[in-house]
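For reference, the structures are reproduced in the following blocks.
In the two complexes that follow, subunit A is the common piece, with subunit B as its partner first and subunit C second.
Moving on, here comes the complex of A and B:
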C-alpha cells in the first residue's frame, strides 16, 4: 500500500511545516507595533492598572517563555482566550467558520464549474464570436478590483434597487416566527446572494481562462486526432477526450483557492458584513488580539496544507499516470 | 474491384507566406485487398495524403482540386456529418504509437469500445465486449491487460492496441502512417507481420506511409515514391526497387545503406527540398537532379510509361540518358 505510506509521510511533513508556521507567526505578532492593551485601556487607567492588565494577559513574561506556554496549550487543544472578546478562541472560530465555509465553498465550486464549462466551449470554438465574448468577459472579471465591484453591486442591487439586504446572514424578524426550513433557507440565500455573486464573478473568469488555455493545449494532442479518426461525435471528443485531460490543472487551482478562500474573502466579508473568519482576522490583527489572530492564520495554514494533500490525491485519482 | 481512385488531387495549406502546395496534382488507384506504399522524405506530402483521405486536414488546409472516389462516393465533396459517419467505419487509420495516439486517462478497452459504439449504436453492450476481446485476441494482447491504461503498455503493445482500434469496425481501407517508426526491429517485424496477416485475413486494403523503404517494401505490393508534393515514380514493388528510373528514387535507394553494398558508392547530394510556396512550374527535383538539363528547370515533367504498371514523372531525355550509364 504505497498510497498509505505516501499519505503517512505527507502528514508528517505537513505537521512539521505547520509548527514552523506556528513559530514564525507567534514571534511575528510579538514584533508587530502596538500593544494589545492599547484598545482596551481608557486614558484614565493608571500605569499600575495597565501593568496589571498586561500581567493578566501573560504578556509580561519573556517571549520565549510565552512561546512555550502557547505551544503547550496548543498541543492540548487550548488556543487561549481572545484579548478582545474574553472568550475562548476556539469558540469564536467555530462560530465564524461555518459561515465562511458556506459562502466560499459554494462560490468557488460554482465558479469553477461554470468556468470549466464556459472555458471548454470557448476553446472548442476558438476564434469565434462566442470565444471572443467569453475571453474578454473573463479577462474583465479576472481583473476586477474586489472591493470596488462588491461596493458597486451592493450599492446597485442592495441599495438603489433594493432587491437584496445590505448585509448580515439572516433576518431576525423572519426567524423569530419559527418558519419552515424552506423559508429559512430562502432567507439565507437571499442574504447570501450578493456576496456569492461578487465572489462568483471575481473567480469565474480565472477558471474560464485557465480551462480555455489548458483545453487549447489538449486539443493539439495526438489522441484528439485519434478520437476524430474513430468518427466520434464532436460532443464526445470535447467532453470525454479533451475536457477530462484539460480539467487537471483546474483541479489544483480549485483546491488551492478553496484553501485560500478562508482568508481571501476578508474584503468581501467586510463589505457585506458577513460574520466569517476573514472579517474576524482583520479585526484581530488591527487590535493586536494575538491569540485570535494567530489562530486565524494557523487555520489558513492548516487548510492550505491539507488542501494541497487532497489535491495531490485527487490528481492521482483523475490521472492514472500518477501514482504514489 | 477498384476501391479507391484519386484523380488530380491537390492540397494546399494557407500560410502567412502564401499558399503551400503540399500535395500537387497526384493520381493513384487502389484495388480491394491490395496494399499501396508511399515513400519519401519528411515534408514530401505523404501524411497530408493520409489526412486528406481521412478528412482530418487541419483548418488551414484545403483540397484545391481533384476527386477522391471511394467505393462510388466522392470524398472530396463530403460535409462534416458525412465524414463523421465515414471515418473509422470505411477508412480507419493506424497512428504512430510513439505519439500520444491514445488518451492517457481512458482505459484501453474503453477506447476501442467507443469506436465500435459510435458506428453501431444499436449493438448491445455485451456484444461490443465480445468484439473487443476478439480484436485484442487478434492483435495478441492478453485479456487481462484490457483494463489497463495506455501508459502501462509497452510501445509494441500500444501499437497493437492502436491496430485493434483501427480494425474495430471492419474498415475496407486502413491507412497506416509510420506505424512502426520508433519501434525496435523485432517489434517492428511483429507489427508488420500482423498488418500483413490482417490484410490477408480480412481482405482489407492498406495504404502504408513511411520514410523507411525496407518497411514499405515488406508490406506493399505497389509503391509510390513522393518528392516535393508529387508522386515521382510509381509501379510494382519489384519494378520500383529493382529497376528504379527516376533520379530521386535512385538517390533514395542509394542512400539506404546495406551491408554488402559498395562502401564507396557515391550518394548524390540532395539539395534542400523545394519551396512549395513558390513553385516554378518546372521539375521540383531539378535542383538536386544529377542528370537535369536546362529544360527541366522551366518545363514540367511528364508521365513516362516504362512498363504497363511502371511510370516515372520525369522526361524522356533524362530517363533515356540514364539508361545508358
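Moving on, here comes the complex of A and C:
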C-alpha cells in the first residue's frame, strides 16, 4: 500500500513539475531574441510579408493569450505545427525519435554493460597490470573530444580504408533498387557501426570508472570479509556479493543516461548525418521554431522525470533496506 | 561480425558501380519543405527549381531575361500598358497540358493568399486575361521595370495539383498557413526532373521528366537534356565529411559554397574539378545614420578610406573573391557602375590611414594626439574630437559570430584595428545572428554593423528597398536610416522605366550617390567555390552564382 501511495504522490509531483517546465519553456522562447522569420534576410521579403507571416503563425497575439492557446492544445494532444517544416510537430518527433533511440540507447546499454563488467574486474584486481590498463584506457575514453574522435574514425575507417560509409543511415544507391529486407537491415547495421563505436568508446570509460570506485568501496565492507571467511569462491564473492551492491550507483547513472539518450547528441548526429532528435533540437532553437523546440524539450523533461521515478523504484527492488 | 560489415560494404560498393547514369549530389542540409509555398530556403529551392518553372529565366552567360515556359519575348504595348505573352507547347509531368489557365491560377494563388515575396511583385498587375490556351495578356497599373525580371520569373504551378488545396485553404481560419502546411504527395511540374522518392533524413531521388518541354531544344546556346536518368541527393552534416565523400566518389557534386581552406587538398586530387565563379552577393559595413557621429558623411568617407579591402581579400578571403566598390556586385555586369567613387583603391596600408586622416582633418576633426608626428611618422592616435570639439565616444561594430561567418567576424576585428589607428575607440563585437538582426533591423539600437546578402537578385531594384527613406522603420529594409530626397526620387523613377538602357543610367546615378554618401561601405564579394568529381560526368555550366543550377542539370552528360 505504501508503495502505491508513494507512486501516486510522485506522479502528482511529476505532473506539477512538468507543467512548470512547460510554462518556463514557453515564455523563455518568446523572450529569446528574434522571431521565426528573423533569418529571412531577403530584400523581396517586404514588411507586409513579415507581418502577414507573424499573424499566420499566431505570434501577433499577446504572449499570455498564446500561452493559454498552447496549453489548451497541449492538453488535447495537439503539439502544433512546426513553423519551419509546416508539418505536425508530433510527426517530426516520431520520425526522428526512433533513430535517436536506436543509436543512443543501444550505445548506452552496450557501454554500461561492458563498463560494469570491466569495472568489476579492475576493482577486483586493484593495482594489477589489468587494473592499470583498464583505468588508463577508461580515463582516455572518458575525456575524448567527440567531434575529433568521430571525424578521425570516419576519416580512417570510412575514407582511408573505406570499410564503412561516411555517415547517414542507409545507402541510397541500394535502397532505390528496392532490395530485400535482409539487405536493408545489413545496410542499416553497416551505417550504424561507426557512430555506435564512437559513442561506445566515449561512454564506456565513465561506466567503468564508476563501477570500479563503487566496487572498491563495497569490497571494504564487513560482509565481504565474512564471505571470504566462509570460504566462498572468488567468483561468487565478486559477482553475487560485491558487484550486485556496487551496481546501485551505476543503475542510477544508466537510468538517467537512458532517459537523456532520447536527447541524442547534436554533435554526433551532425558529424554522422544521423537524422535524430539532437540535430532537430538545435535547429529548432536556432531558428526560433517554438512549437518544435518546446516539444523536444518537453519530451526530454517528461522522460527524465519518469526515469527518475523508475530508478527510485528499482532501488527498492535492488536494495531491500530501502523502503517507501 | 566486423568482417561481415566489411564484406557488406564491399558488396554495396560493387553494386554502386552499376548505376553510372545517376548523378549523385551532396547537400549540406535537408530541404526544409517540398511545399513550394514554404520551401524558400536554399536547399528546398535546389529541389523545387527542378520541378516548378517560370515563364522567363536568365541566360546563364549574358544574364539577360529569356523565354523559358514562354515561347518568345513578350510584346509590350506602351499605350495600353500590356504585355502579351505566348506560351510554349508544354506538358506537366503527368502528361496533362500546360495552358494559360495555369498561369491565371498561379496569379490567383498569389493574390488570394498574398504569397510572401510574390504578391508584392505581382500586385502591379491590374488584370490578367487569357486570349487562348497559349496566350495571355498582362494589364499593368503603371509601367514596371521589374515586370520581366521579378514578376514573370515566378514559378508557375498547376491548377490540377493545387486547385482543391487552395479552395480548402481559403475556407480555413489561416489560409496561408493551411496552404504552407500541406504536404504535396505528387508534385506536378514542367521542369526537367520530377520527385520520385523522398526518404527523410536519408536521400531524395528525382527522375527525368519525360514531358520536359526543353528536351532536344537549344535554349541560350545549350542543347538541353537532361542526359542523366535521375538525380540522387544525399545529405552531409558537415563540409568535412562532404569533401571526403566527393573524394571517395560517393557523390559527383557537392552543391554548396566550399570554404577556401579545402581548396589546397582538393586541387591535389586529380579526380576533382574546382569551379570559381562570381557571386551576386554583397558584404558590407553599415552605419546608424540616425544619430551622431555617423550622420556625418565625412566620418563615413574617412572610415571607408581607412578600410584596406585588399588586405581583407588577400588575408581573409585568401584571394578567392573581389573587393567591392559599389552596392551592385561587379559580376552583375549590366547594372554595376564601375565609375563610382572607390575608397582606398590602390593605396598601401600606410596611405589608407593618411588619406582617411586628411578627410577628417578637412572636415574639422581634431586629435589629442594626431596619428602623425612632426617627422611624418605614423603614431598611435588618441582622442579623436568631432568638429564640435566633443570627444568621439567609443562605438561598437556588430558582426555575426566567427562560427556563423568567419569572414565577417574577422573583417570586423581588422576594421576595429584600422579605426583605432585613427584615434577612434572602435570595438568589434560578435553577436548571435538573430540578436544582431533584431538589434539592427528591429530596434535600430546600434552604431555600426557588418552584414551581407549571399544571394542578391540580379535586378538592382534592391537599391530602392535598402535606401528608400520610407523603408526606415522598425523591421524595414533601410537599416541605416539613410534619407536623401534626390535618391528617393531616382529610386521611385527607375521602378517605372521599362527600357533597360534608360533605366541603367538612373541605377548608375543611384550607385554614385550611395558611394558619395556611404550609408553602407561595400567590403568584398567572395567567389562561389564548387567542386565536382571528373570521373563520371562532364559539361557543367558556369555562371554568376556558380554551376549549381538547372542549366547544369539539363546539360551535364555521362562521360561514357
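Observations, loosely collected:
Operating definition for what follows: the second predicted complex is superposed on the first by the 309 of 324 C-alpha atoms of A that agree within 3 Å, B and C clash if a C-alpha of one lies under 4 Å from a C-alpha of the other, contacts with A are read in each partner's own complex, and residues count from 1 in each chain.
Rule of thumb we're sticking to: a contact is a pair of C-beta atoms (placed from the backbone, for glycine too) under 8 Å apart; a residue touches a chain by one contact, two chains touch by 3 or more.
A quick note: this is a predicted structure, and the numbers were derived from the prediction, not measured.
Aligning the two structures on subunit A places subunit B and subunit C side by side, free of any clash. Using the contact criterion defined above for the overlaid structures, shared-chain residue A:72 touches neither subunit B nor subunit C, since it reaches no partner.
In the superposition on chain A, contact of A:174 is made with subunit C only, not with subunit B. Contact with subunit B, but none with subunit C, is seen for A:240 once the two complexes are overlaid on the shared chain.
When the two complexes are overlaid on their common chain A, residue A:159 makes contact with subunit C while staying clear of subunit B. Contacts of A:270 after superposition on the shared chain: subunit C is touched, whereas subunit B is not.
Judged by the number of subunit A residues each one touches, C leads among subunit B and subunit C. With chain A fitted onto itself, subunit B and subunit C come no nearer than 38 Å, counting C-alpha atoms only. Residues of subunit A touching subunit B in their complex: 221-223, 225-233, 236, 240-241, 244-245, 318-321.
Of all residues in subunit A, only 32-34, 38-50, 52-53, 56-58, 81, 84-87, 95-96, 99, 151, 154-155, 158-159, 162-177, 186-187, 189-190, 193, 269-275, 279, 286, 288 touch subunit C in the complex they form.
Residue ranges of subunit B in contact with subunit A, taken from their complex: 54, 56, 84-89, 92-93, 95, 99-106, 114-115, 118-119, 149, 151, 162, 165, 168. The touching residues of subunit C, when paired with subunit A in their complex, are 4-6, 8-9, 12-13, 15-16, 19, 22, 24, 30, 32-33, 35, 38, 40, 114, 116-117, 119-121, 150, 174, 176-177, 180-183, 197, 199-203, 205, 232, 234-238, 240-241, 244-245, 247-248, 250, 432-435, 437-439, 451, 453, 455-457, 462, 465-466, 471, 473, 475-477.
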